[in-house]
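Labels for the chains are A, B, C and D, by order of writing; each one numbers its residues from 1.
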Amino acid sequence: MSANQKIREIANIQGLGHIEFCVRDLERARDFYVDLIGLHETERDADRVYLRCTESREHHAFVLRKADAAGVGHISFKVSSPDDLERMQKRFEALQLPTRWVEGEELGQGRALRVRDPLGFTIEYYAEMEPVEWLVQKYDQHRGVAPTRIDHVNMLTPDAQYGYQWYTDELGFGCAELTESDPPDHRIWASWLFRKATVHDAAVMTGKGPSVHHVGFSLPDPISIIKACDIIASAGYTDSLERGPARHGISNALFLYVRDPDGNRFELYTGDYLTGDTSIEPIRWNLNNPIRQTLWGSPPPRRWFEESMAMATLDGNGVEPVSEPQMQAIPDYVLD
Amino acid sequence: MSANQKIREIANIQGLGHIEFCVRDLERARDFYVDLIGLHETERDADRVYLRCTESREHHAFVLRKADAAGVGHISFKVSSPDDLERMQKRFEALQLPTRWVEGEELGQGRALRVRDPLGFTIEYYAEMEPVEWLVQKYDQHRGVAPTRIDHVNMLTPDAQYGYQWYTDELGFGCAELTESDPPDHRIWASWLFRKATVHDAAVMTGKGPSVHHVGFSLPDPISIIKACDIIASAGYTDSLERGPARHGISNALFLYVRDPDGNRFELYTGDYLTGDTSIEPIRWNLNNPIRQTLWGSPPPRRWFEESMAMATLDGNGVEPVSEPQMQAIPDYVLD
Amino acid sequence: MSANQKIREIANIQGLGHIEFCVRDLERARDFYVDLIGLHETERDADRVYLRCTESREHHAFVLRKADAAGVGHISFKVSSPDDLERMQKRFEALQLPTRWVEGEELGQGRALRVRDPLGFTIEYYAEMEPVEWLVQKYDQHRGVAPTRIDHVNMLTPDAQYGYQWYTDELGFGCAELTESDPPDHRIWASWLFRKATVHDAAVMTGKGPSVHHVGFSLPDPISIIKACDIIASAGYTDSLERGPARHGISNALFLYVRDPDGNRFELYTGDYLTGDTSIEPIRWNLNNPIRQTLWGSPPPRRWFEESMAMATLDGNGVEPVSEPQMQAIPDYVLD
Amino acid sequence: MSANQKIREIANIQGLGHIEFCVRDLERARDFYVDLIGLHETERDADRVYLRCTESREHHAFVLRKADAAGVGHISFKVSSPDDLERMQKRFEALQLPTRWVEGEELGQGRALRVRDPLGFTIEYYAEMEPVEWLVQKYDQHRGVAPTRIDHVNMLTPDAQYGYQWYTDELGFGCAELTESDPPDHRIWASWLFRKATVHDAAVMTGKGPSVHHVGFSLPDPISIIKACDIIASAGYTDSLERGPARHGISNALFLYVRDPDGNRFELYTGDYLTGDTSIEPIRWNLNNPIRQTLWGSPPPRRWFEESMAMATLDGNGVEPVSEPQMQAIPDYVLD
């Protein structure tokens, strides 16, 4: 290899592996995600609770870290081998992107590479993680809405056209769907990008960034979206039900956006489709097509457009609230 | 009997039987209700299409009538026997309420009694109707979301306290739930009243009346509510999806409010509970408790409060739009 | 009243109230019904655990009683008032049926009347029970498959034609469906009898009796039947899954028959229809129509026909296994 | 390339593309698959009806061909490019496997390569097919149980260990799960092999072959399995419901096996999991573990083991019934 080779040529990214949310009250957050949502606790240390989903094969798919402010610690993608990591480190150096090796800092995980990517996000790549008991067929242990996997992360960046290029051309992501401006520009306003064969591992949307709009968890069936509303509301978290249930035009997923007790946003998500056939062209949506947001026409609330999560710096610190509004091009049909 | 005996002493109302909607384009309405919603056409004549649900045992549960304006023609309750009708006619006369006998005007139905009730609604009572094929186990013929039955009618009247008394004390309805004002008044703002053993056959809410807020159809399961959104939106009727899906606090039903092509409103409804145990006290909700509207906290749109359907006169004519707003006490949390 | 008046003229039976199962290991049974099935424990004493369902308004809908053998302690129907009980006691005396008053023996329940009915079953009637918190909208507390209510009891008796007459003519039950022999006899082989407005509170089938074939719990939706299979199997109770999931022809219910750790049988049941309209004739099935058993054609296992639960005597003792086979007319298509 | 290079090095198989079923009555088969199951007709010619699923992006995923006997015409996998096909043809020649080019014979499809593979199956590879309207968001056009895609084919061959090697080592399939004999042999009895990121595109089981046990269609959610039973039974095809609904241990899928009017077998299938992470080891099941067949313990009927579909020869002819029994190692717990 040479440092001129793009990452898509020197490494095999498997997909989104996990994400770390910063929370001020670790127990409160743990109870919310475990007792109500139905993530499973694998292990914990002084500052972190490591959680996984029913289909998880390895130690964690989601980490709660005690911090002074809410936000996102890092976003972690899995690659095929430790050798991939070595080659990626050299490529990032060549691109003059700051990296650091993480070893022993996260329980259950092998040596990992963190980088501040060109969009300003703190991204981690890892190849090895401890296997754990597979919970798919332990139905008697399922609780809440039993998310099957971490599905995707949705990121805001001022230049989403560039974000698309970074993910597709450099990292080798496929594109399932995209939103673009009117002709003749056809400028990419947002894209849904995948390595695993679903609609996305990462979405990149236009907005003030680097910030994370939400992380998405996959649910096993449509009825679980209704169940999520019922459980979260019954437990007194009515205000946490930010948007939905409804169906996205883009991705076709039935969704519910939820704010956790710290205000971090996640999406419960089900009903997208299988991707991976490289002969399929991306589905293209015009920015002004309201169906792309919701097939059913129901308008999102304003805060869904205006609020987003801060991104921690490469050293894991510096999670500060991003000034509002976050997302550009708030449509006319928003709910005030 | 004497004319002093109340109807609850001289007749046995079985529950809501059917309702007649006035539509300007009969074919368009028929296609909407049959092809998308999944009602079944039993028969038609020049001006009317007679529809039923999968659990219907008799000729019709819903009638579409060609008219110059949208609205509700009549609301029809079933009683146990033709003798009930005779006794009721005398009682209404004694109460100086105008009645008329209907015979042969509606296909499939025996002699029926129509009355302009004290709230100003045109109510029909009938005892006999032609039996039809039961479609519950004809799953291969089910279409759309396959409503199981007509469940209830929701009516607006300026004095809902009186409406409650009329339905309970005179007609013998049970009360499953009610909304009342603050103490010490505890004035009834709305009540959910039943003869069949569900939460309601009729709801009476405070508003400008006589007008009909909506009719409710029962769906077989929660997933059908999501399916309804998908089907109606896919068919190009996105604007018809007025409110939902969400879960009511009152009744616990999962719901979707839909406007038909003429603007008439119906509710797709599932997941309420069995009533009928006479030892159970009504569930009481304070008017200002937002949970009574939606357990999940999602606010209704303003038009859900402001718009309602006109009621035809006793002769079946005179369906005129009611001036807005219809409902009193629009909450602060309405969506504009 | 006179002792010549039938119970249907002197009392108002509301429906099945609860049933008592005898179990050898109280903790094991409690864990099975609470942790896996999702009944809720209201209270316990030395020998009994009192359980209820999500829609229960009163203290218990199901009782586990420690005993030396599995079986059914008593079957309990609710009536409208204590006065009903007094009148019923006199009527039973006139019919020379043994009765006893139960007071304080069951926690939460007012004075109750137990009778050995003409079919030999120990039946209890009660009018009053302590109200409890309604759990319908406490979705965060739902576990397992969250039964909504106790729905029905299914009883075996050698003369089911007489059983039908006792329940309809004496007790005033309606009949939703029945199975009968070929013409010209049309002898009733089984009947589905209701007081609440569902297909049945009690079914009476031909077999060696008095014995109880099963008790049915209502589930909130069809998907919960699948969930029940998954949970029960995951917990290691694969052998408890006796029959189903499938759909009955009779009642149209989607069902799963389960044997508890003591071998007692219950049915998880959903998707029947509303009854109560007195103008509707019972649906009649020929005994040899295989569709009445399962709409989908799947044959039941032999033990479903051959095994049944013993009935305790009026004093609550004497639960002894009934000699097999229990049910007459085992069809040819049974699974060996 | 050289003819020594394995196909996994010279071609990119995307996954199962479509399968061709031979039927004696084309209209009857078309009505069954379109009206009841919910496949969509794209086009037809004199001898064939071309069908697709809701997620299909191209002309067909399933073909019905008029023939003198039931069976399977060919099994077709998609590759990335026409160049792949050229390279594969040379490789098959080098392996002395008979091939033929198919051009114009199947509507909508580009030039395709058919081969008689070492297991004796007639396999087609194609790279190009006409795009069609995507039906995912045309919910108003969905009928029946609306299969989302053709998911997999299940094949019988006498030496399933060799079949595993052919698919993994030569063709580059991943292995999600496998069934093996007792130690120390650990001989592979069956394997679930994938190119797309699901549990399988192809399963290879031990039995008399080449024959096809079934083709699997993916359904959008668990409730659709119940709906399939209801629809198929209501339409009078009770005998077509061969096995299920139940959940497989292997794959975790909820399933229903159905025989079409010609006796061809397909599986309706939902609820498996995402694969594709190359670091995950296959899940290994012992041949005698009954849970691998059904998590719920319900035994399959004998005909499920004994009957299978004949495979047409390379020229498309010669579909003859395979003599029974087809599958080796019929377990003790089969239903007679």
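The rule we apply is simple: contacts are C-beta pairs under 8 Å (C-beta built on N, C-alpha and C of every residue); 3 or more make two chains touch, one makes a residue touch a chain.
Everything numeric here is computed off the predicted structure, so don't read it as measured data.
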Number of hops, chain A to chain D, where each hop joins two touching chains: 1
Interface with more contacting C-beta pairs, comparing B-D to B-C: B-C
Chain whose average C-alpha position is farthest from chain D's own: B
Distance between the centres, which are taken as Cα means, of chain D and chain C, whole angstrom: 45
Rounded Å distance between chain B and chain D, as computed from the means of their C-alpha atoms: 49
Whole-Å gap between the CA centroids of chain B and chain C: 34
Residues of chain A touching at least two other chains: 137, 221-223, 230, 233-234, 295
Residues of chain D touching chain C in the complex: 222-223, 225-226, 229-230, 233-234, 238-239, 241, 245-247, 254, 291, 295-298, 335-336
Chain A contact footprint on chain D (complex, rising order): 12, 14-15, 55, 57, 78, 80, 127-128, 134, 136-137, 148-149, 196-198, 220-223, 249, 252, 271, 273-274, 276-280, 283, 295
Residue numbers on chain A that touch chain C, as the complex places them: 35-36, 137-142, 221, 223, 227, 230-235
